[in-house]
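For clarity, chains are labelled A, B, C, D and E in written order, and residue numbers in each chain start from 1.
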Amino acid sequence: MQIEKKPLIVAFCCNWCSYAGADLAGTNRLNYPANVKIIRVPCSCRVNPLFILKAFQRGADGVIICGCHPGDCHYTTGNYYARRRITLLFSMLSYLGIEKNRVRLEWVSAAEGAKFAATMQSFAEEIAELGECKRLEDLRCKK
Amino acid sequence: MQEMIKSKLAELLSTGAVTKVIGWKRGENFYDVSPAAFESVESLADFVYDDFCGANLSKFLVKEPGKESKVAVVLKPCDTFSLNQLIKENRVNRENIFVLGVPCEGKLSEEKMRVMGIVGLTGCKVEGDKVTVETLYGTETLDKNDVLLTKCATCHSKKHVIFDELIGETGEDSDVDRFVGVAELEAMSEDERYEFWRNELSRCIRCNACRNACPACTCEKCVFDNDASGVAAKSNANSFEENMFHIIRAYHVAGRCTDCGECSRVCPQHIPLHLLNRKFIKDINTFYGDFQAGADAESEHPLVHFTENDPEPSIVKEGK
Amino acid sequence: MNNETLIPKVGIVTDIRIDTPDVKTFRVERPEGGKVFEHMPGQCAMLSVPGVGEGMFSITSSPTNTEYMEFSIKKCGCVTNWLHAMEVGQMITVRGPYGKNFPVDTEFKGKDLLFIAGGIGLAPLRSVINYCRHYRDQYGKIDIVYGSRSMDDLVDYNEIIEEWCHDTGVSVHLTIDREQEGWDGHVGFVPNFVKELGFDTNKVAIICGPPIMIKFTLAGLQELGFDKTQVYTTMELKMKCAVGKCGRCNIGHKYVCKDGPVFRCDELDELPDEY
Amino acid sequence: MKLVKDLSALYEAIAAVQELYLPVENKGRVDFKLYEAGANVDIKTLKTVRSAKDFFFTQTETLMGFKVEGKNIEVEDLRPEVRPFVAFGVRGCDARSFEVLDKVFLVDPVDTVYEARRKAGTVVTLACGRPEETCFCTNFGITPEAPAGDVTTWLTEEGLYWQANTDKGEALTAAIAAVFTEGDGKAVEEQKKAISDIIAKLPLANLDMTHLEGVKEETFWGHPVWKDISETCLACGTCTYVCPTCQCYDVRDFDCGNGIERFRCWDSCMYSDFTRMAHGNNRNTQDQRCRQRYLHKLVYFPRRNEGMFGCVGCGRCVAKCPSKLNIVKVIKALGGK
Amino acid sequence: MQRIGVFVCHCGTNIAGTVDVKTVAEMLGKEPGVVFSTDYQYMCSEAGQTLIQDAIKEHNLGGVVICSCSPRMHEQTFRKACAKAGLNPYMVEVANIREQCSWIHKDVAEGTEKAVILGRAAIAKVHLNAPLTAGESPVVKRALVIGGGIAGMQTALDIADAGFEVDIVEKNATIGGKMAQIDKTFPTLDCSACILTPKMVDCAQHEKINIYAYSEVEDVKGFVGNFSVAIRKKARYVDETKCTGCGICTEKCPVKNIPNEFNMGMDNRRSIYIPFAQAVPKIATIDPNTCNKLKTGKCGVCSKVCGAGAIDYTQKDEIIRREYGAIVVATGFNMIDMTKFDEFGYAQSKDVITSLEFERLTNAAGPTGGTLLRPSDGKHPHTIVFVQCCGSRSTTENGKPYCSKICCMYTAKHAMLTREKYPDTDVYVFYIDVRTPGKNFDEFYRRAVEQYGVHYVKGMVGKVAPRADGTLHVQASDLLAGEQLHIDADLVVLAGAIEPDKSARGLATKLTASMDTNDFFTEAHPKLRPVESPTAGVFLSGVCQGPKDIPETVAQAGAAASKVIGLLVKDKLTCNPCVAQSDELLCNGCSGCEHVCPYGAITYETKEFMQFDRSMKPRRVASVNPAVCQGCGACTVTCPSGAMDLKGFSNRQIMAEVDAICK
């Protein structure tokens, strides 16, 4: 039925900054692609690498994690830990030959509705260019 | 050497200083050396320390009761890093462990001999850099370097970082570049890397030997065994699960892996798992400064630590 | 026998009865009505909830019931929790029947029968009891000793009181572990109660209940002069395939799912003590 | 005697009529793979890392699917279609393992997936030209110099000698008749002799197994070897997964999001959760689990199957156990050695 | 499996405009476990809430999913409503189909599809929700007010009047803040000092108020109800208990040329000083950067002249740690640095001044004794140009994007007062807009224009250039007349933008309170919780939250105080139940979680666990203090075995959401 399957993007947003930033993007009616789906987490440090892998397993084509800017974490230090964890994970994914641009981490504050929308727009475009995620897919979930 | 170790262990057991010794035991033939527990002086007759004692015994300490009785363990230099890490993570009670440090000149792998096409192994003699192997089909002389365990070929340290007593001398940190393998992969294109790892990981039979042998993987219950975790699995149903298992296995020990190389040694499929672990070690060294897990029993591991100026993940995209 | 060993049929839950605080009895039929398959007393079925898991449960209804099967299930794990949360109309999958049944048409024929059950252990026996009640003339006297922790934990209490107790040649002996208000029956543990009741040994005994209860009841019966060849029991172990292949329920050379779950107690002696 | 001089011609010929699986080398490791032109076939290496049981009992096998909507469930048969295939280069030990597996999967109730594969597969065995020090198949009455199978072959200097043993084997032979020439078969006899000579020298070829005859289940129940072994058993599944006869499996559900797939996958009795269920575990400690594994092969299985051992002496566990614990050590220990 | 009810809100047309709510309700009604699904105009309305409550009772719902606006908006509302119907409030999940769906998508099909998916994710999550009960923690019945300006003082007084102890921490030597520097207040033109100083005295004399002047907050630990704050009492080198504030030292001190901050550097003070006559506390302070004795060891005049013997050169900074139940931030503002704006010539000419400097120039206690004189030559200015929006509403790098709000009114005040006192003066005001939304504000402005003849010119000043004769050449455009103006002015007064005090950012970090990009503290809700910060127990008072005038500041100060009082009257606080939880059976004891916890909420103890062989083995296991844990989840990812999980955002829940979204 669908002529072209749109890439699916999962965005993990921290409750205090990025989720609020996404809300602000909405309040300001800033459009970004509907294939971006947001999951609210208390802090970027709550994002377990397993969640990211799980998303790919389930058929996500791109995963983006958004948190407060370094130094602005609602929990003071959460995003610093997240930064290390995510950096290492991304590096490992790339090492395994998985396209670097499938994953992204962005700092978006509660005030940056415009940045949120722009980030999602650009990420969605990037993923659309990469196409379907074939290197980290579970065919069982794509029937 | 073996006799010196044995007599020290006998002394420990006979004086009651320890009630159990974890060491190695001779099996059916020259390479068949298994980790074993010895509880009496008599049983030490089977004790062996030779060129095939590659196993890292520190992991076996995790299941010790950690109270009352004391256990002696025979550790090679690289194994002491693992023990330190276990002590740091409170998995082993230092007070209940007697560490007998033994020197190591690199251990041999009969599997490497087999891969070289030498089969029917019946005997082996090491002289300097040469190894003479007796087989059912003749005798072969090999370079020791060619049949060293992978972990020994790129040994990072011959220094005992923790011990109660040493037999022989302790060595120094080595200056071998152990990241050559990682760098080679990094230099490849994304597609080449993908092909490389697909070929390697697709052989995984999910026997869990890498996990169960790893002295850092000591979880009370592994997430992959825990049905409640949502990622439990018994086999790799497809390439995704192969990738996921190995990413997470390596990730969970990132910053804690001492690079003891057991994962690669025990893999029945000879998957170079150490290349995953070393990637994390290399990244940590590059991004956050040099860090050797297990070098001491106190320092915080890099993933429970941060600085405000850590690089952003975009570094992965910019650099290699 | 289902040819496709592991592939189940769909059943629909048409009735749910709450027996005790943690036991419910589910009535299962084919979606178009009727029994999913025929079975013999003591046999089991694998029930599963897709995505949650599969579990082996003894069929509690008698084969003589032509319309449906019943399963009395105690809430104790992932699958059973899910089953307990079900509502009428829910579909589940069913495969079976599995395992050996009680020798109702051979060894039991014409004999006096003594059923001893503890707690949820009545579930597997209910099928036999009702089968024997249905073919009442083919069996001798029937004694049923049943005990539970408390009055509320007696499974099928209504059926016991309203049907079994009124059958001729059937005597029901109930007991609960501790004194309780509103209970004027016997108080005490099942093994002791059996000894107190002091049955003659000219009969076949069938025990089902927690392992500890089975152990002591068996000892009690032996004190009364019973031979192990006169005593049957049914076992429960981790089972996955239910067809004697997956290796879980393997004890010694037996596979409980296939060679059991009904065992004569002397057969158990041969097996390693691992159950 | 039938002889093939050009092996690649043989592979091409078989591949033209059926799917052909044979040992292929990949970075020094040999495993059975689907033949394709240019594949790095290696039939000299004695043992593949994984055993040949995968042909009939694959590590994972999707059995069925469920579509769940509201309270309704629909069952879908997802068992794979099995096409005829040839398993080439199977050794004597692995060939015996199929008989062992048959005793499990082909007894009532028959495992239909296994049965389908078994029927579809033609096993072409290869005599063990160079037995290794880990081999001990002869203890179980296996003849590595003339292995069983639908077809038995010998790799000699002249070429590959070919002998069909069964109807299935004959049918395959007939289908590829063009590749054969006739040989005098002397080389086969010579090879058999040479193999026997080597076997006489194998350290594990003549184990004392008398103590295992007619024993009861509890005979070795309290033997100290269990604790001994379990002290350094890592509780991994290597031995069970490389073992050609280990057949324990798990049935699991996978939620694909758009339905549920139920699949079967190998399991290992060495895993701590193998027998765990909602209300307990009857084999809680590693010594119990080690005991189960070895006694199953040496005592329980023979008791159920007219004395046939559940071990075929392939020696994979001897080579692969990370702690170098293996069934030979157990057999010896049980014999008091 | 829960019995779930789904409630889809139209939000008028906010949602229903781009999302087919009926379809959403219908589709979600087919999801497993959903037994009731409906849509309604306004779910947050009383009728909507009643609808939910009735459905909970009627259908015996175990979980509720509301597809509506952001959970940041109404999650609490719905949780409370469900709790009233007997459902545990944590069995409620909100799917954000307004801010993150209907408002950003224009296509109905697209919006509807996305709304269904978001709803599905919420349903998947609710299936795994568990009823949570909040724990309790005691409340320390004392408040801390950071900043001693009018905002801080008013907050402190209101809290203290309610009977709770309050500490004020003020970084300057005196409380009073900016209002103390202001001459008169608009629109009533009453004297600022006359209404402020009595309040300062009230603060000083209030038995419940304790002032830590010349002090700063060093660090903040703990959590709502139980903050532990370290206060750095900077060394004054004067013994507070002895100093009588007589001021002799400030007259005798030989270091005379220190720019007087109170008068905006337009006159000098000594190295030992009392900021102004009505300072509270009225205690002298030595400026260690300029004091000869402290710098070189030579001098000691003040010590000699002090009759009370209060001078103590050896005094050191003192750290005081105190416990508080609530913290109010009242750090106020400063005017932005005008030297960056070359076009206004502030750095080039002394006669270009800021409006606050103008306040001092017209204040009787100021450098000129209240006579308006040019700073450069002390002459009366005859032409004065006031420039509004200097740096406010600016998109340039040096400016601020926001309106500073008070400038229009104080400029009108300045213009009017100038014209009143010096009718011979020509007064020009350049404005972009004149914003006078306030009681009597517009009347006030009109008076300036109509009665006092102030020249209001719509347009911006392009350039202020000092001329050799000392006059200032002002180039400007008159937008209404459409012409360029050239004015030779004697004095130019810049209504600079105001910005939060520089100390605020550091403080925000210590408090883990959030700030916007302009460094104003963020409120918990911009409309409904304007005086609370998102960090529980931290409240906002005054300009630190956003520009406001005095009455607004005082109003907010009172509001903050009432929130604090509302908190302090409680004996116990219920904690956030969405906290981490450790499963002892899975815990390895590695201490990873302990390292990453920013709140020190995780502790370890060694417990004995029975092994399978029935022996006992000691193992260290983590436990979480639910009163301290704030629920960030840093620990959960550190834990390799998954022993640590976060209630309300558990691994399973998040994965279920991922699964549902990727379906």
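In this section, contacts are C-beta pairs under 8 Å (C-beta built on N, C-alpha and C of every residue); 3 or more make two chains touch, one makes a residue touch a chain.
Small disclaimer: the values here were computed from a predicted structure and weren't measured.
> Give the label of the chain whose average Cα location is farthest from that of subunit D.
E
> Weigh B-D against D-E on C-beta contact pairs and write down the one with more.
B-D
> Which chain maximises the distance between its CA centroid and that of subunit C?
The most remote chain is E.
> Identify the chain whose mean C-alpha position lies nearest to the mean of all protein C-alpha atoms shown.
Of all chains shown, the one whose C-alpha centroid lies nearest the global centroid is A.
> Could you grab the centroid distance between subunit B and subunit E? Build each centroid from C-alpha atoms only and quote it in angstrom.
54
> So the centre of each chain is just the mean of its C-alpha atoms; given that, what is the distance between subunit C and subunit D in Å?
Their C-alpha centroids are separated by 39 Å.
> Averaged over CA atoms, how far is the centre of subunit A from the centre of subunit B? Could you give it in whole Å?
Once rounded, the distance between the two centres reads 36 Å.
> Provide the C-alpha centroid distance between subunit A and subunit D, rounded to the nearest whole angstrom.
Taking the average C-alpha coordinate of subunit A and of subunit D, the gap between them is 46 Å.
> Could you pull out the residues of subunit E that touch at least 2 other chains?
596, 638, 651, 655, 659, 662-663
> Can you pull out the residues of subunit B that are in contact with at least two other chains?
Counting only residues that touch two or more other chains, subunit B contributes 223, 230, 237, 303-305.
> Can you list the residues of subunit A that touch 2 or more other chains?
Residues 49-50, 54, 58-59, 71, 77, 81, 85, 138, 140-141.
> Within the complex, which stretch of subunit E touches subunit B?
Counting only subunit E, the residues touching subunit B are 585-592, 595-596, 604, 615-620, 638, 640-643, 651-652, 655.
> In their complex, what parts of subunit A are in touch with subunit E?
Subunit A residues touching subunit E: 8, 10, 15-17, 19-20, 22-27, 29-32, 34, 37-43, 45-51, 54-55, 58-60, 68, 71-78, 81, 85, 109-112, 117, 141.
> Residues of subunit C touching subunit D in their complex?
Touch list, subunit C to subunit D: 1-10, 50-54, 76-80, 87, 89-93, 237-238, 240-241, 243-248, 250-253, 270-275.
> For subunit A, which residues count as touching subunit B in their complex?
Residues in contact with subunit B: 49-50, 53-54, 56-57, 70-71, 77, 80-81, 83-101, 103-105, 135-140.
> Mind pulling up the subunit D residues that touch subunit B in the complex?
It is residues 26-29, 31, 45-46, 49-50, 59-60, 130-133, 198, 201-204, 228, 231-232, 234-238, 240-242, 250, 252, 254, 263, 265-268, 271-273, 318-325, 328-329 of subunit D that touch subunit B.
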